[in-house]
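The two complexes that follow have subunit A in common; it is paired with subunit B in the first and with subunit C in the second.
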Partner chain A sequence: MLAYIIRRLLGAVILLFVVSLVTFSIFFLVPRIAGASVEDMASRYVGKTADAETIRQMAEKLGFTDPLLTQYGRFVSAIFVGADYSTGPTTVHCPAPCLGYSFITQNPVWPDLVDRMGVTISLAVGAAVIWLFFGVATGVLSALRRGTVFDRAAMGVALAGVSLPIFFTGLLSLTIFSYGLGWAVPGGTYVNFAENPLAWAGALILPWVTLAFLNAAGYARLTRATMLETMNEDFIRTARAKGLNERTVVVKHGLRSVLTPILTIFGLDLGILLGGAVLTESTYSLPGLGKYAIDAIVNNDLPKVLGVTLVGATFIVIANLVVDLLYAVVDPRVKYS
Partner chain B sequence: MTAPLEASPGSSEAQPEAALKGMGKKAIQGRSLGQIAWMRLKRDRVAMASGVLIAVMVVAAIVALLLDRVFGVINPNAFHQELIDPEQGIPTGPLGGISLDHPFGLEPINGRDLLTRIFAGSWISLLIGFAATLVSVVIGTIMGVIAGYFRGWVDTVISRLMDVFLAFPLLLFAIALVGVVPDSAFGLGRDGSRIFVLIFVIGFFSWPYIGRIIRAQTLSLREREFVDASRSLGARAPHVLFKELLPNLVAPILVYSTLLIPTNILFEAALSFLGVGIQPPSATWGTMLSEASRWYQVDAWFMVFPGLAIFITVLAFNLFGDGLRDALDPRAR
Partner chain C sequence: MRKQRLVTMVAAGAATVMALSACGGGGGSSNNNNNKGGGNPSATGPNAAIGKAFNPSDKKGGTLRFANAGDWDSLDPGDTYYAYSWNFIRLYGRSLMMFASAPGQDGAKLTPDLAESKGVPSEDLKTWTYKIRKGVKFDDGTPVTSKDVKYGVSRSLDKDIFPNGPTYFNEFLDLQGYTSPYKDSDPNGLGLKAIETPDDQTIVFKLKKPFADFDYFAGMPSTMPVPKAKDTGSKYKEKVVSTGPYKFEKVELGKSFSMVRNENWDPATDPNRKALPDKITVQVNVNPDDLDNRLMSGDLDVDVVGSGVQPAAQAKILADPNLKNNSDNPLSARLWFTNINGEVAPLDNIECRKAIQYAADRTGYQRAYGGNAGGEVASSLLPPIIPGAEKIDLYPSKDNAGDLDKAKEALTKCGQPNGFETNISYRAERPKEKATAESLQQSLGKVGIKLNIKAYPTGDYAKLYAGKPDFAKSNNLGMMVFGWAADWPNGFGFLKEITDSRNIKPAGNTNFSVKDPKVNEAIDKAMTEKDENARQKAWVEVDRKAMESAYALPGVVAKGLYYRPKNLTNVFITDGFSEYDYLALGVSG
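Take a look at the complex of A and B:
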């Protein structure tokens, strides 16, 4: 068991290393491959109106003229020990974990990210609870009542759910419930939980339900398919044959094997959402990580996007690690190999 | 499903083709797997209807591309400001300015015709949906077959690679990538280079989904007798991979491609909605929804038709994909 955990932890660390390498490449290597010169890249930091000399100086200050390996080394060392930036006459220290420095707002990125994380976590966790419950429950009921009106209706709604983009459903929900009926507050009115829990829930209820509906649809489909397969297995027949009542068969034997595939995609989905529910946050104007990244990309403020990307990837790696460890608890068939 | 079967698929599969030969003129013809699947698909009315709808949409998209970009007959950017209320900036008339001339209504402020814009945007959505899927299916199939067939360290390397790709926050990476690539890249013009980048980014990051499925199928296929037979006849790896294994993987490849296309269409719409996809004034469904999101309080009708266009297209592909899976793999029902 301990060896399994250590191996998984090691795998996660290697994965994080690769993620940092790829993130670095996207921001500093891909633009070069696509034909941007060092000056083009630097001009993003000083604005397109700057003269050639200023841009050239900026490119040198940012280290774009150094070999790529040196640049990557600096990128990683900034994360662990911090870095100093001299963008003008003064030198600013960016403490670890330094994910870069916004050259537009003059703020280090990391504290901004910490500020925004609360919104994203509130949104993701709240929605996850709802969709997990309703998705799995609907899927199980559909499988047990296969071919009935309930099954057909539920699967029809689920199919519509997986075919709807959140930025359309979200807009519809805002129009109907927030603007039309006045039941929910409009977007852009987020309040911290600590300040006013009721207002916090009020601002999040619409995004929660919309996001949960779309995700629940996928979970219901997956749960139903897995459940149908499981209920035909030999061990279910055995359980019935030894006289267990149907409830025990379904809950203790059937549901248990549905947990593994659900857990797998749940970890991935939650990890992705924690790194910024980009679409939901944009639709409802919630000031989370995803909105932060989108606002940054519109302003060409690449260090912010880089920061969110790296944090997002870290969330996914951690979520995967937790799922891997939970496997062992949920499914005794998983061998620690 | 209550209609009597013409001939149950099970029985025609069970009869070896050789036994059917020489059985006289009235003999039952052996059916290939493709024919059996086609028969099942034809009976699935929902799948057939969505298939026809997809075909119509593809033709419409090609016509739209020709009319808009090649012949310039339609102009999705034509203003109709005479139909806009000058004070509020929204279309005059009910339901977002729906009329005989403009069946889907008009855009606020400039009054561009929504039907023309949805029509003109269709080819971008479908092209990116299809092409990105092609990219990921090609990469995924090659990687999956190689990993499954050679096993050992090759499998380990490719499988880890797939894990890495799956660990990426896809949307964030796509946003970042699309953001850092200059608009004039590859010398394809503004829309052209964006479309190229979107196809590449979406396709390149979604190949592991297909790759994993193909790898799993290959792992079990490679143990079958016909692979042993081929190898013992002296066939080299490329022959076994592409002439023996690949034809047996056509069914899963087809099914998962069909189910990947709608995902990719949604992906493109999402990127355009966020403002990092195709740039205005070019019309795409995602950018139209993004514009509609600024108007939902005064002109809620603006969002309806672009949203429905995405929904119906994606639903049609999902329904067809489900039907195709049922037809090709009846055990999955």
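Take a look at the complex of A and C:
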């Protein structure tokens, strides 16, 4: 098991290296191949009245005039040993893991990412708990009551959940529950858990429910389909024939089988969300990694884009590793060596 | 009752979200406000904050809540260029001069702020002297001296560290090679010879060319004093030292910041500021549609960007008399126009450019910007709210719909009687510019001018595409849809950047097309005219010459639709910024 984990971690490091190389190439190499000069690239980061000399100086400052390999080497080196950058009157050290500094705000990227991570983790984990519970429960009940009014209603709602984009349900929920009824706080409100846990939950309840509504729908449909298939398996008939009560049959035998595919998509979904719930954070103006990524892309802030991509990839890799390890817990047939 | 309320809310919410998809604004509206920043203001109702203060009050207290759908370029006075930022910055900083905190055109007049009076020029307009008020302090209690102002201007020259701010001082001061106080041999960072500080209350600016409007430069935020001991360069924006009535309490860049009263601000030294609220909060990067909803629900007081509400909210406000009563629809010093590129044949022939001027249906241009609520048809470059602006219409047509006969006549003179083909560019993320290109495609098509529409990314439009002369020429961009807002509301602030061909650089231009020595001559004359009235007329002449050369097709003088929550006091649009005057605002709740 330990050897397996070490192998997977080494694989993860290689994968992240490849991700960083590809992302770096997309933003630094591809524009050059497409014909953009270093001055063209630097011109995005100067004021609107900058002259040619100012643009040239900015290109030098941002390192665009160096060979691309040198630029990439500098980026990787900063992750392990940190880097220095000038603020004007002084030089500031950006300690490892330094993901560079923003071309726009001139601040180091890593502290920003750490700051935003709390918001995204709060949003993703809270929503995941809700959608996992309601999605799986609805799916199981629908499967057990196949063809009933409950089944049809639940699947109808699930279909709506999958179909409605979050910028629709999000704005609608704010209009009704926040500005109309006054039951929820307005968009853009976020309180740190450590400061006030109740206010933290109060600020996130609408985003949680909206995000969970979207995802729960998929889980309900998947759980229902898998559960229907499982409940027709031989081992379920055997369990019933042995005289086990229906509750034990469903929970201990049926549901356990359903968990493997649920776990697979849950790991992926959670990993992706932890890298930034872009639409939810934008709709509710939450300062998380997703909003950070969008702002970085809009502003062509390449170090921020690189940083948030690496962090997102890391979350996905870790989530997948955790899911793979959990398979062994959920399914006794799985053994790692 | 409760159920009915819920149903109403659901319906309202659904309407809001459905309106989102109706992007681009509707056609014309019934709002017919049409005067210089005025309209028909009444004590209450639509446009009540245009030309006079709505809900005037001197009551102090409360929290004034701003929000921003984007983010500041910087809170640092030496590194900011957004109009809203220059409006807002007066809450925490004092420049030598400032726009008076007054409604309408009075708000476009300069008044001394940190300075005791307007600048005293030398005979040749190359030396400007200001005396600084006594008793002004930083928020830590340290007295402000002329050296702090000099240091503030000097550091703003360093475009490596402060890339965002304007470059007027770089361009006009007699720098003699000086680049930055951070590379200065003087340990105090005061080695710049172009600014002298003979004593703590006097500051003298030395220019390399004469300039009559220097007081406007003295009104830029970069003349706000910065104490060298507290200067942290690019990190200074995290903790700006205040000289205004408010100082920073908490700053979380990219998220929010708050300001509280600065106990070291002495009202006796400041005749310009009422400082009504006790506290100011600002949230940034807020979803723009949610921001409008919060304004209308009373959860927020001001959209700080000051460009008006989004199309979804605009549709709601114009359709609902109650909401409309709390809105203002003023003209601004912003022009939507299209450059005509003389580098692309056959537009190198003035008659072909004139054919475009005559054939363009300007009412279609106006519809592209949302009809009357979006702006008024323009016939020249200088917006009417700029003091001294005059109506110039060299290419008139009935109902502004275009004069096809005159257009055909011009085409014949140009040697293209059957028309010609060229490309028109617009910024891809701007649906109104796309609608403009399509409208021009239709109207010019009537005289045989075939336009092929090309979209380019907004962020790189000026730097890599339309604003890069080589690219524009090689891609046959004969017309380039664009827009421009004044750095400040006078002829120089509006016209120089878009009409002076000596400004044209290899890339990143603001003047895409106007290349006429006669225009340049007129600009030089206007810049050195000492008498203000004569100077205003000289800028009108620049406008006329630019229209005569037909390098720019004026489209629409922009109007914004602003929502004014009921609890705001002392609300008025200032022509200084074409926004609500943030210095004057208070709250009643």
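Just so it is clear, the second predicted complex is superposed on the first by the 315 of 337 C-alpha atoms of A that agree within 3 Å, B and C clash if a C-alpha of one lies under 4 Å from a C-alpha of the other, contacts with A are read in each partner's own complex, and residues count from 1 in each chain.
In this section, a residue touches a chain if its C-beta (ideal position, glycine included) is under 8 Å from a C-beta of that chain, and two chains touch if they have at least 3 such contacts.
What you see is a predicted model, and the numbers here were worked out from it, not measured in a lab.
In the superposition on chain A, contact of A:Leu181 is made with subunit C only, not with subunit B.
By the touch criterion defined above, A:Val18 lies against subunit B but remains apart from subunit C after alignment on the C-alpha atoms of chain A. In the superposition on chain A, contact is made by A:Asp51 with subunit C only, not with subunit B. When both complexes are overlaid on chain A, the residue A:Val317 reaches subunit B alone and has no touch with subunit C. By the touch criterion stated above, A:Phe27 is placed in contact with subunit B alone, subunit C being left untouched. Within the superposed three-chain model, A:Leu159 lies in touch with subunit B and out of touch with subunit C [touch as defined at top]. When the shared chain is aligned, no partner comes close enough to touch A:Ala127: not subunit B, not subunit C.
In the superposition on chain A, contact of A:Gln106 is made with subunit C only, not with subunit B.
Once the two complexes are laid over each other on the shared chain, residue contacts for A:Leu172 go to subunit B and to subunit C alike. The contact surfaces that subunit B and subunit C form on subunit A in the two complexes overlap at residues 36, 40, 167-168, 171-172, 174-175, 179-180, 282-283, 298, 300. Within the complex formed with subunit A, the subunit B residues making contact are 163-164, 166-173, 175-177, 179-182, 184-186, 262, 266, 269-270, 273-276, 286, 289-290, 292-293, 296-297, 300, 303, 306-307, 310-311, 314-315, 318-319, 322, 332.
Residues of subunit A that touch subunit B in their complex: 15, 18-19, 22-23, 26-27, 30-31, 34-36, 40, 159-160, 162-165, 167-168, 171-172, 174-175, 179-180, 225, 268, 271-272, 275-276, 278-279, 282-283, 290, 293-294, 297-298, 300, 302, 305-306, 308-309, 312-313, 315-317, 320.
Taken in their complex, subunit C has these residues touching subunit A: 5-6, 8-10, 12-14, 16-17, 20, 67, 71, 81, 155, 158-161, 163-167, 180, 182, 231-235, 253-255, 283, 285-287, 289-290, 293-294, 296-297, 299-300, 459-460, 462-464, 497, 505-508, 510. Here subunit A touches subunit C in the complex through residues 36, 39-40, 43-52, 54-55, 57-58, 61, 86-90, 92, 105-107, 112, 167-168, 171-176, 178-181, 186-188, 282-285, 287, 291-292, 295, 298-300, going by the rule given at the top.
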